[in-house]
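Dropping the structure in here first, questions after.
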């Protein structure tokens, strides 16, 4: 008799295949779940493999549009970035996948969910905190944190032996000396040879983007329209033809294709995991690199200075940290998310961007509706709007404190 | 009889030459002051011109080393940046120049200082707040904010007429349709044709950096060593020879030369001036782009996560804003500056960088002394340091709040 | 012929009566405006005086309910406080008054507004920034910043002479040696003898609250209900009868009466004005003291920890500073205000409060709807909800960084 | 043969006596450790009891002066406070005690430390994180998180049975229906009947402070001198005699005695524990209430506005949270601590304070050295220092953004 149904986040790879078989061994029924978040994947092969191993059912959920609409575009709106450079590609996919998995778990009557994340990474936390928020009575089975599992499968040989025993097919291609996670926003590389932070990744590791050194000699220009901080149109010329797309997922994918083709978005960092370990990661984050850069630029033209400063100091880093730490479904993240829209009312306009061998260059920006920038007023050559005498008063008021400081500190140095 | 001595920040250009003559007309004695902050400048010609117009004395102060040691390197230490992208090139030079000008004013017995800044910009504020802190009884003469001056010289023709009248030589070259400010860290372009934020700057505007499209096809690699967050050595190969420099100003200049030659550091933004106007600026900030990027990278390897997060949310933006707003010599900036060093004790190591057609790529990083990153510990393949069971506890404690949130919000969506 | 209509914020006192007469002298028509924000005031006498001096019209606007609903209660919701102790009584009234004055200016066809604020205070800024936001083309006449006015009326004698000349009645009672500003939330005292910050205010200065030393020996208990952070009911016993009120203005006034009668809410501080001067002020802020204290207490029971911490570090101080600095009608204040409601969804419940000789004591709190506090779960005597073993894991994960710190710093001291 | 020496934080109470006996049972040698942090305690009785049960040694460390100098006074300097009201009494003692316990562990050759904290509280974390930082290889034995212990001693009866078996004397006085933690800064009450947050604590619970209702009818005035933000003298009159103390621990204790005698410092809150549970606590925090209030007041007079605002928004809440969460010995706390001194250079002067039936009233403040407050300058009656015209310029510059906001939002409401 079954101990109940478990919804397993299945990847088709060795680890989750082993977990599938092991869960069956332990007496559970298993529903194999996959999320399509834009990764390169053979879903049919995965289905076949899962069912062959013994899954009761295989369910794939197409999350690509939700991912763009609910997560990726808001991330652009808020300029999300972790530790100055990482655009959060993996983290951003987690809430979408977890939501889809819990939905499947409910539909299929599963009392538990399971995943193949290791016990040292961020993803286990991201998934599980989301699971607990979305279904507070769910049971989570995390084999790589269960002694009965991780002690049994202490090395790769144990996995292969078990696979042989269970008739699980193992890919004949040699495993890459790193692990990856891919979705439509990015791919990550970590572990293996990358664990030495001074090892430059081999050229053939990078998968999604053209090497900047091999990218076209002719730059690619494009134009991105934003409304309330959200991309609403991308237009560019290709092979002499004007291309223009307006659906969010199309915008995202077209920007992605152009960015990848021009070598944009590779980074290599040592970052801080939520569980207080440092970790080296390489990422290709082509589309977000372009969209974020263009969005930041448009904010320069259209967003009030103080709103921007408050948002920059508070909302952006907090939201980014919460996403990184897997805290999307928390009261504080709901609170912070509620601040994104009110900050973006005036972020309307067009940014012209050039992509060239890894560079994202701004060619210009404009807005038909917003009037915060007024060239006449800013012009050094004109005296519109205020009298220069006003500035004297402004400085005099600031100087009150400054003079007191000078009086109290007679020998100020640099 | 003289109304007293004024120390004028003299540039050798038309505006400050007019001001010099006008101050003399008004009955002041004038000491012409110039700061050498690494800009391209013919100091001899300026001296000759100033004395010819009638300056009592011409003084040039070489600030280049102080600029690197006291301002530029600390800016690298704190990752200073304004509005996500501007590395503060102009702002950083202001405290150095103002300090030198006040020193000269004291030495020469000047009761007042004067400058040629317009009444709408940031620089007037940066200079004057510094003046008032450094010499609280100084009188500031800002002609472009004095009606008797700005009404008289309402147009370029008025300036040229006055120049002719006073025998002030005027450059025969046609004025560029923008204005610039240069120092060893950067050059800025603004005003004129740049006031339309959708106008792409002409290719021949950019002066310090090679166009990325014309930059060498062969990348330039270099290696930067940091101690307590400060660059202490740069090494690279050139023409088959190993180059290695360790003096701060040499480090800065060598990085600058390599970065400029490889098209690094051009930006184009609309930014928010202190006086609440938006302004479009283009900048070439080659050396700071490389040094900041390398420094941020090394922090990933060597800086504690929480120290970094606190510094990022608080110290970096506050320091950057204060510098931008001309508040270097203020109690709050002294307070914030005191936080830089304590944040950098562990930032020791080497970063290997590649420059290529505008890109700054990280090839790897290492540290002989710091142990925050431990590849074995972070490795997904090893169970050193802590038991995976610990993570279960960590997640369970986080899940307490999360489950309450889920219980109170039964239909959470993305 | 009139130079146009001016809407003057009229107080009935000497200064604004002089200004009224002076504006007439200058050739303006004047509409005298008063806002009823709950201050003790003889509006009829003021009307009579204004019309006698020559005002075209006298308009009083009852702002008391708007003040409570739109400003005071949101201030309670966000726990507004400036420099740790000042509950912003004066600042809070300014947006309401300015809005009413601009409404009157529009209705009466005034092209300009005027006020009697001095040139060194906060109020001039608070009023004028609001004026400019609400009617961007309004002209502001601030006589105390106009040389033709402040030089003419350099001393009190000049004012009295002019009053005599114009037939303006002057109160025979001796002026208090301080100035005050009153509304239903508070009264302020400053200037005069209070300018020595070491002078204890005389007992008879305090007007709204009973001296704690003279307050009743029997404590007064009351119970305040909140919904989404807003007070919705106050109940208490008085003379053996149960009193219960639910209308916002009634709640505010009943709490005010009880607090005043029990000596609650006196403070004495040196604060920082927006224009960079320090200033000594004494305030009676009885009702806000009680409501804020109760609200903070209820948040302890019902508000998520992280939402609270984010709100405390960011929203509360920023909102308070903006209000203090007269920036209510700004993009950044609109942005910050939008964060108040989302932070308060769960702040529902009842707080029982005791007032006694200046003290506000919490007797207890409860919530029928919120479940964040769970006595069983928190109990040291029970093991519900999570296993103590989980805490070991939680600590182990935190200890990772801590041990690295200990290893790198062998001789840590306090 | 012994399994090694354990240093146990011993309180003399039932729980830690049981733990002592159990550790012996488990085969350890035990050094019983007590810290004197100013709590009311019979150290001799504790010694006798520990040795009787079987401790190898009993060590009491007098931490009172270190506690004042290294922790309590810096907490005053930084205005430490958690969740708006809790002055962190228990948290503040933890680093001192942990440091002393590790020192004893080292001296006595203990490989492990142990404590009697429960698995749901903050104290286990505070102690253990400190232990791990101070001796990274220490083993921590936390019996209340070990199943073999907490399952065996599931109820009070199990403890009493074991005590009887081991001959451990049990106090005949009935246990209070709450638990307490005391040190020279405060006492806490929690658990038991207090777990209902709507239960008003009984009058006889409060131990250290006189009930405000029973406190003297005559107020107690005192004067506190600060240098660089640290109390350096307290003076007051008692029984007609002038008392003056200057040693830190004397200052602390005299203020404590006066505050306790006048009913100052009782609070009752629901707070957020580090491990994400809410908890109700009642605290008597008499001395810190007075010292913090006086210190805040003096900052009004002597601390620069912007330094204060930065410190308030960043340093104070971060330091307070870190202390609460037991993160004293962490890189981030070291970083934050380094900011306290630089913020306090100008906090020099005297505050006159009145204590009366629970109230702390400020009578006045003065400084001989600091000049930030200048009554003449602030005076509404004088025009020293700057021209009122300057303020017009100041407002005009602020109005630039405000008018743009008004233009873009034509119907602004409150």
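Residue numbering begins at 1 within each chain, and the chains themselves are lettered A, B, C and D in the order written.
The rule we apply is simple: a residue touches a chain if its C-beta (ideal position, glycine included) is under 8 Å from a C-beta of that chain, and two chains touch if they have at least 3 such contacts.
Just so we're clear, the structure is a prediction, and the values are computed from it rather than from any experiment.
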Pair joined by more contacting C-beta pairs (A-B or B-C): A-B
Between subunit C and subunit A, distance of the C-alpha-averaged centres to the nearest whole Å: 43
Intercentroid distance (Cα basis), subunit C paired with subunit B, Å: 41
Between subunit B and subunit A, distance of the C-alpha-averaged centres to the nearest whole Å: 31
Residues of subunit A whose C-beta touches two or more other chains: 275-277, 304-306, 330-331, 346, 372, 377, 389, 391-392, 394, 397-398, 400-401, 405, 407
Contact graph of the chains (line, ring, star, complete, other): complete
Of subunit B, residues touching subunit D in the complex: 275-277, 304, 306-307, 310-311, 314, 318, 330-332, 334-336, 338-339, 342-343, 346, 397-398, 400-401
Partner subunit C, residues of subunit B touching it in the complex: 304-306, 346, 370-372, 385-387, 389-394, 396-397, 400-401, 404-405, 407-408
For the subunit C and subunit D complex, residues of the former touching the latter: 66, 70-71, 79, 83-85, 95-96, 99, 118-121, 124-125, 128-129, 132-136, 142, 144-145, 147, 150, 179, 191, 195-200, 212-213, 219, 266-273, 275-280, 296-297, 300-301, 305, 308-309, 312-313, 317, 321, 327, 329-331, 352, 356-359, 361-366, 372-375, 377-381, 383, 388-389, 391-392, 394-395, 398-399, 401-403, 405-407, 412-414
